[in-house]
Amino acid sequence: MHGYSDTAEQHLKRLRRIEGQIRGLQRMVEEDKYCIDILTQVSAATSALRSFSLQLLEQHLVHCVAEATAKGGPEAQAKVKEATDAIARLVRS
Amino acid sequence: MHGYSDTAEQHLKRLRRIEGQIRGLQRMVEEDKYCIDILTQVSAATSALRSFSLQLLEQHLVHCVAEATAKGGPEAQAKVKEATDAIARLVRS
Amino acid sequence: MHGYSDTAEQHLKRLRRIEGQIRGLQRMVEEDKYCIDILTQVSAATSALRSFSLQLLEQHLVHCVAEATAKGGPEAQAKVKEATDAIARLVRS
Amino acid sequence: MHGYSDTAEQHLKRLRRIEGQIRGLQRMVEEDKYCIDILTQVSAATSALRSFSLQLLEQHLVHCVAEATAKGGPEAQAKVKEATDAIARLVRS
């Protein structure tokens, strides 16, 4: 059980919508749509991925804190380091 | 005909791979995979979307410059403004 | 003479304001201000740098297009490639 | 006392270096340097700000976890929410 399990259905809905946006992009390329309109749609999909990752991250950190409260800090500290490495990858992606 | 038409097939391949990454994310959520591994996969998909948009943008700008050479500047200048607005949206997404 | 020369004074004003934000960050650290408030100020400074770079970029691209109109495309095409490389670095920074 | 107090001197050194980069940008504009070189320098300063904020964030989260261990979760949970809001602002700046 991870921090996000309770809201897995909500995450899946969000990811299916993003999948739809990516298929929409394929249609736009096939129909030779205007470049700038495609780029606008890419921005929308990227934003949606960002929102998904930020929500997942929050749930993960809440979970780390809960674990620290229950079991003490050292293991949770290691997870914070792991989480900030993931944030660094997100920020630079 | 837009700037990217010649490479449409290559763009579609790239977008299908991104669609696969998004479906991979759905599987990871369904299988209750570890949060940090999901975030790493989100970073990979976001990077792939960025690369796609940067390539599209380059083709568009090359096209604008070609148009400016052929028809003169004013219309192409307006397109540069439009393109930098799209870049601003990308940078902030 | 580059594309941005006419607005150099405006750029300098903007950069001096960003320099002020960075000095403000130093004061916040010295006065042991709350972490989250410092991060909010970092976001503001980063946004200001982004705006500066986007304006500079637009002026540069407008200049490229003007050059293409005057002298023909090949040299301007090379500059577009150079500009999109710079955009890629900005997006990932 | 915040999570970053022990390393305040290191943060100040980093911020002074960023201040130097911003002043370097001003000189580049005054000396009418090439646009793309200025943009490369903006990317470097933005990256340095990012690194600073990621380190500060890690220290803050480690502190939250330590607090949760000592005092129990509710207050620390609220701080995690506050931290992820700050991350969202950073990601979008």
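Note that the chains are named A, B, C and D in the order they appear, and that numbering of residues resets to 1 at the start of each chain.
Operating definition for what follows: a residue touches a chain if its C-beta (ideal position, glycine included) is under 8 Å from a C-beta of that chain, and two chains touch if they have at least 3 such contacts.
Note that the structure is predicted; figures quoted are calculated from it, not measured.
Between the two copies, chain C and chain D, the C-alpha superposition involves a rotation of 180 degrees in steps of 5. At the chain A-chain D interface, residue numbers used by both copies make up over half of all numbers present, so the two copies contact each other through mostly the same positions. Averaged C-alpha coordinates put the centre of chain B at 21 Å from the centre of chain C. Chain B and chain D have centres, each the mean of its CA atoms, that are 28 Å apart.
Contacts with at least two other chains are made by residues 50, 57, 83, 90, 92 of chain B. The touching residues of chain A, counted against chain B in their complex, run 1-5, 8, 11-12, 15-16, 18-19, 22-23, 25-26, 29-30, 32-36, 38-40, 42-47, 49-50, 52-53, 56-57, 59-60, 63, 82-83, 86, 89-90, 92-93.
For chain C in complex with chain B, the touching residues are 50, 54, 57-58, 61-62, 64-66, 68-69, 72-73, 76-77, 80-81, 83-84, 87-88, 90-92.
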